[in-house]
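One structure is given below, encoded as structure tokens.
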Amino acid sequence: MSAAPPQLFRPDARTADSLRPIRITPGFIAMAEGSVLIEAGNTRVLCNASVEQGVPTWLRNSGRGWVTAEYGMLPRATLTRSPREAERGKIGGRTHEIQRLIGRSLRSVVDMKALGERTIILDCDVLQADGGTRTAAITGASVALAIALQKLVAAGTLKTSPLRQMVAATSVGIVDGNVLLDLCYEEDSRATVDMNVVMLASGGLVETQATAEKDSYSRAQLNAMLDYAEKGIHELFAAQQSALAAGF
Amino acid sequence: MSAAPPQLFRPDARTADSLRPIRITPGFIAMAEGSVLIEAGNTRVLCNASVEQGVPTWLRNSGRGWVTAEYGMLPRATLTRSPREAERGKIGGRTHEIQRLIGRSLRSVVDMKALGERTIILDCDVLQADGGTRTAAITGASVALAIALQKLVAAGTLKTSPLRQMVAATSVGIVDGNVLLDLCYEEDSRATVDMNVVMLASGGLVETQATAEKDSYSRAQLNAMLDYAEKGIHELFAAQQSALAAGF
Amino acid sequence: MSAAPPQLFRPDARTADSLRPIRITPGFIAMAEGSVLIEAGNTRVLCNASVEQGVPTWLRNSGRGWVTAEYGMLPRATLTRSPREAERGKIGGRTHEIQRLIGRSLRSVVDMKALGERTIILDCDVLQADGGTRTAAITGASVALAIALQKLVAAGTLKTSPLRQMVAATSVGIVDGNVLLDLCYEEDSRATVDMNVVMLASGGLVETQATAEKDSYSRAQLNAMLDYAEKGIHELFAAQQSALAAGF
Amino acid sequence: MSAAPPQLFRPDARTADSLRPIRITPGFIAMAEGSVLIEAGNTRVLCNASVEQGVPTWLRNSGRGWVTAEYGMLPRATLTRSPREAERGKIGGRTHEIQRLIGRSLRSVVDMKALGERTIILDCDVLQADGGTRTAAITGASVALAIALQKLVAAGTLKTSPLRQMVAATSVGIVDGNVLLDLCYEEDSRATVDMNVVMLASGGLVETQATAEKDSYSRAQLNAMLDYAEKGIHELFAAQQSALAAGF
Amino acid sequence: MSAAPPQLFRPDARTADSLRPIRITPGFIAMAEGSVLIEAGNTRVLCNASVEQGVPTWLRNSGRGWVTAEYGMLPRATLTRSPREAERGKIGGRTHEIQRLIGRSLRSVVDMKALGERTIILDCDVLQADGGTRTAAITGASVALAIALQKLVAAGTLKTSPLRQMVAATSVGIVDGNVLLDLCYEEDSRATVDMNVVMLASGGLVETQATAEKDSYSRAQLNAMLDYAEKGIHELFAAQQSALAAGF
Amino acid sequence: MSAAPPQLFRPDARTADSLRPIRITPGFIAMAEGSVLIEAGNTRVLCNASVEQGVPTWLRNSGRGWVTAEYGMLPRATLTRSPREAERGKIGGRTHEIQRLIGRSLRSVVDMKALGERTIILDCDVLQADGGTRTAAITGASVALAIALQKLVAAGTLKTSPLRQMVAATSVGIVDGNVLLDLCYEEDSRATVDMNVVMLASGGLVETQATAEKDSYSRAQLNAMLDYAEKGIHELFAAQQSALAAGF
């Protein structure tokens, strides 16, 4: 795909294969077992990990743990205020879809046998939304989860951390025929194809979802998007390591 | 991927790259503008297209139409009865995810300007579930939609059908390390990777969603799954054409 | 009531005291313990019986079983699409009324002591609605129940079937001053009185509900309606026996 | 049916064909257009009629009015407290069934054309429940409705009352093989058959609903129950007239 | 505060520091353990106390009891009918606020250790609303609670009543610059400040809530309102004692 | 009350009449018309003001505006995770009570005529909770509101700001017999009396709510609490002015 990608069309003058500036702040909230504020450009997501005793009914007496996620967006995370889901009395389809994706992604890196009959809930709340909130949530929640599990080890509750490896995610899309990495909202709303990629530190893929919004895409385009996503996710793994190394 | 796929491990003795027997019965229900019963092996989905005047608020006075989908599963479509969503008082996350997928897929083939300010609702109700209900729903709903639009043309309401082309979908996955096309429930529950592919008759992709359930997958495996899916979907397009040719 | 009933005014040219063609297909769904598709003219109801261990709280440790019913109508069972109750987030009053009627009717023929602490749920889902869906549901569910109980006997779970006898139901009404048996939708919408009768094979009545829609009715008219209903239900018992005799 | 009914088995020593003492207090609430407290033995139901401008959507610009009912039971109307439906967040099936019955019964006596595009809502709230609450609600709501309509005439809003005649209702059942009129709770819980009859002052029937709880019933028993009910309802019409004559 | 309060401006010609006529009728409902109809002018609230075995989860095995309240208003308690909360499917904010206030007030006078693991629910249902329903509910519920606890003592279930003292409440406000006791609806709707005061028989305060509706208030005005409220509540304690002395 | 309050018993060694450190950060979120992060010790509340065209139905064509508030708490704002209200499908009573209080408080300082037919929604979301979240929300929302209104003036939409003055709030309580200002969670959970005071910059009171949790309080104690609250709120007004002076 495009050896020398054009450079001047992105709102923030990034090259086509650049991530937005990423910032991961561990310990943002003092109350949670693991807490991280992740910022990708103007997107800001607060990821809190809670460790609870017990597991859902279908896992009782299995000796296995469970990891799940909940996702929310503050009403004024967006330029136009959106009604509060608690007021509307139900979780919307988009929220359901996103929290299922986050949950599955995080479960892929935890050894449930080693976790034992505990549940870890990852609350991902979007304080400000500028595109890529679900992938930022996965990348941030992975760090919050790592912290919470290290604390269980530090407290002597677990011998070793059940976290097998880190997981991270980014978005990629096609705008005006160009493949672009890590779309901001303005790009996302013009994209003809929108893709989310979730990858393990080992390089294995756990989720790839590519959706044509206005036009279909070819196998070649799918591969070009995957190339960009892999590049970006490697940078995210580095950011996660820096955050964890900084202590919390 | 595997030049000579092993042939004897599937519950119904299919080869790895074979679809289950597909049957599309147009006119199953007399009440709807377009009605199709689609059967893929033991999976049976009733797809009904309803044409209504008017569009959602955000499209009013735009001159453009809308296509949406609702998905349901009868309580006893499955081996173990599942509670009725109407009784529980809310649509679950899985249902939301599926009906959003069906809606997006069908919208990708309709010229909304040519449709005008009408809404087409595709009700996809699963009478019996044996894996692949969401992809069967897309393939069947595409036919129901085509019929409903042809009737609008026949009635003189529209000059030409706003349907640009057909869309179809299938599932593919990795079971015991083998890529298999069109998984039945028993295979699906053992799969380590599960993928849904939605494709246009023109060959363009509109949705590719690959999810690792227990293990991650490589780029090579992703490509192998896409190869099988494309082969299967071409057969589905043929089945759709036969059904439409039979008249209704 | 009217010795020689006029014969030519019904949409399908039936005589006043004739049922619509009745068809009962056992084994329509392979997944359920008992499954029947019942068709009365254009009305089509899928009746599935599920056997579950355990009983509601108030019956625990009583040694007695329970039989209950749920009723649903697919959105496009009717000429004009009606919104899905799961989307609206609640069961409507009409649905509640109908599923309570079906449940009571079926409970009247089961020896709960002989059933033991099991619950049988009868899911009655209307695929196409042309009047008389609740009475068709009772007649069909009675067969689905009989099949499910026979399977419990065949499997050695129960020594003898707890089904004491069959139950069946039909509607009757007054249209243009004439008593008519088994109203189709078009007749039902013009009827001044609408009556549902549920009867045991022994001839005992378990439910009679006669509602004046636009005009009241006399005791003589009530008796005339009951005469027609009894005649029709005897034919339904025969149809049930044929279906059961055919094996499943 | 039984020429000389046995007399000593009823909790309050009534004869088999006697109503409980009936008391109708008009003007119980000052706020409503029509307000009545009806007491049948220990059963006490407050029936308030509200007149509102406008009609439901489907009647707009039809020139016709609408009459509807809502039914509620205070949590401690019964010996054992029952949870508040507002707390549970939904109306139960029994409540739905009852308010539909009351609404239909009252609509049968109103000339909707003469009412014009107004809606009358009859709120029937049970303060104390000792059997027969739904039939007491119909009998009381009929008086509340009459009062509200007379006030519209008195105010010059309507020239004549759109009330064509009064409607009243009672229950009847079979206990220990005996037909009994107007069952109290203790009798109702032992009854094998329970019947509600709604009748017009002209003698026409508008609803007859007979339900076998534990045993079926014959045509002869149905007729005996109707005889008792008709006798009782004639006494209720007299009580209604006395209440209306007393002024309000 | 104003030695000689002006006397002629109140709708019912009361002096500024007068309560409306108060009437407390014990035993209004026969079904409840404690039942009281309290009337303050045209405001009428039915207060029923139910005693149930067991306590909420967080109190299990604590040996302590619990007291809670639910508040409802009949749709036609007001001049304009308000929709039924059960129909709307949720409790409104005002209702929540009121029932929390009633519950807290009643809990302040019960020795939970002496009550043991029992729950007392106070259902306060407004039959007619003319201002001050929440304070009337507290005053009436206190009597219903006293009766229910005395019955537990009379039955030998408890040795002595866990009721430490009575609690009562009234409203006070500022209308046209004048402090007025016990506002009726017409006064309440014109008030610039609205205050509720809940006091123990011992003179201790348990709740004081003063809300400026249109204008703020000074410390001096707050004190004047408290003076009036204390005077009124002393009269309410006397009315409670008369009601209890009358027997039930 | 206590001339020289003891100084060493508070968890953070504050004197009895000291506020916790207060920090107000304007412009925390870029998306909202007015955005403020307010921190009072460990309590952190994000207050966003949204300006929307139009008003609720009952104000249409009145020429008047409306101000309302919504309050939420992130699941992990607290030491123990609490379930998300959107998941539970309803707003709890405590949330209702708080958002009604915030809304009333903010409405008391806005000239609705000068605002015109616009609605300002104040979203107050608690990121971390350590007592006093509702009063922090009022103090912060007042600043967010001021900013949003100044922007309407700066944009030329309004000639002058409809904000008449600032409003602020704090809590005060009685712990171990001592009156304490601005309780943290640990103090709040041991308090026998808990009071919230909302005051205008002019010194007028708009809300005073004092609740006895375990013991009642005297008029003298109420006055002592008000003295402390007034002192604290004057400091809050200064903090608000500093934040506004810093520009945004």
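In this document, chain identifiers A, B, C, D, E and F correspond to the written order of the chains, with residue numbering beginning at 1 in each.
Just so it is clear, contacts are C-beta pairs under 8 Å (C-beta built on N, C-alpha and C of every residue); 3 or more make two chains touch, one makes a residue touch a chain.
Not measured: the values here are computed from a predicted model.
Q: Where each step is a move between two chains that touch, what is the least number of such steps from chain D to chain F?
A: Shortest path length, in steps: 2.
Q: Taking each chain's centre as the mean of its CA atoms, which one is farthest from the centre of chain F?
A: It is C whose centre lies farthest from that of chain F.
Q: Name the pair in C-D, A-F or B-C that forms the same interface as E-F; by residue number, over half of the contact pairs must coincide.
A: C-D
Q: Could you work out how far chain C has to rotate to sit on chain D, using CA atoms and steps of 5 degrees?
A: 180
Q: Among the chains, which is located farthest from chain D on the basis of C-alpha centroids?
A: A
Q: Starting from the mean Cα coordinates of chain D and chain E, work out the distance between those two points in Å.
A: It comes to 33 Å between the two C-alpha centres.
Q: Measuring from the mean C-alpha position of chain B to the mean C-alpha position of chain F, what distance in angstrom results?
A: Averaging C-alpha atoms per chain gives centres 52 Å apart.
Q: Any chance you could list the residues of chain C touching two or more other chains?
A: Where chain C meets two or more other chains at a single residue, that happens at 89-91.
Q: Should the ring be read from chain A with chain F in second place, what is the ordered list of chains?
A: A, F, E, D, C, B
Q: Name, in rising order, each residue of chain D that touches chain C in their complex.
A: Answer in residue numbers: 90-94, 96-97, 99-100, 104, 108, 199-200, 202-212, 215-219, 222-223, 226.
Q: Enumerate the contact residues on chain E facing chain D in the complex.
A: Residue positions touching the partner: 29-32, 35, 42, 46, 48, 50, 52, 70, 72, 74-79, 81, 84-87, 89-91, 95, 121, 123, 125, 127-129.
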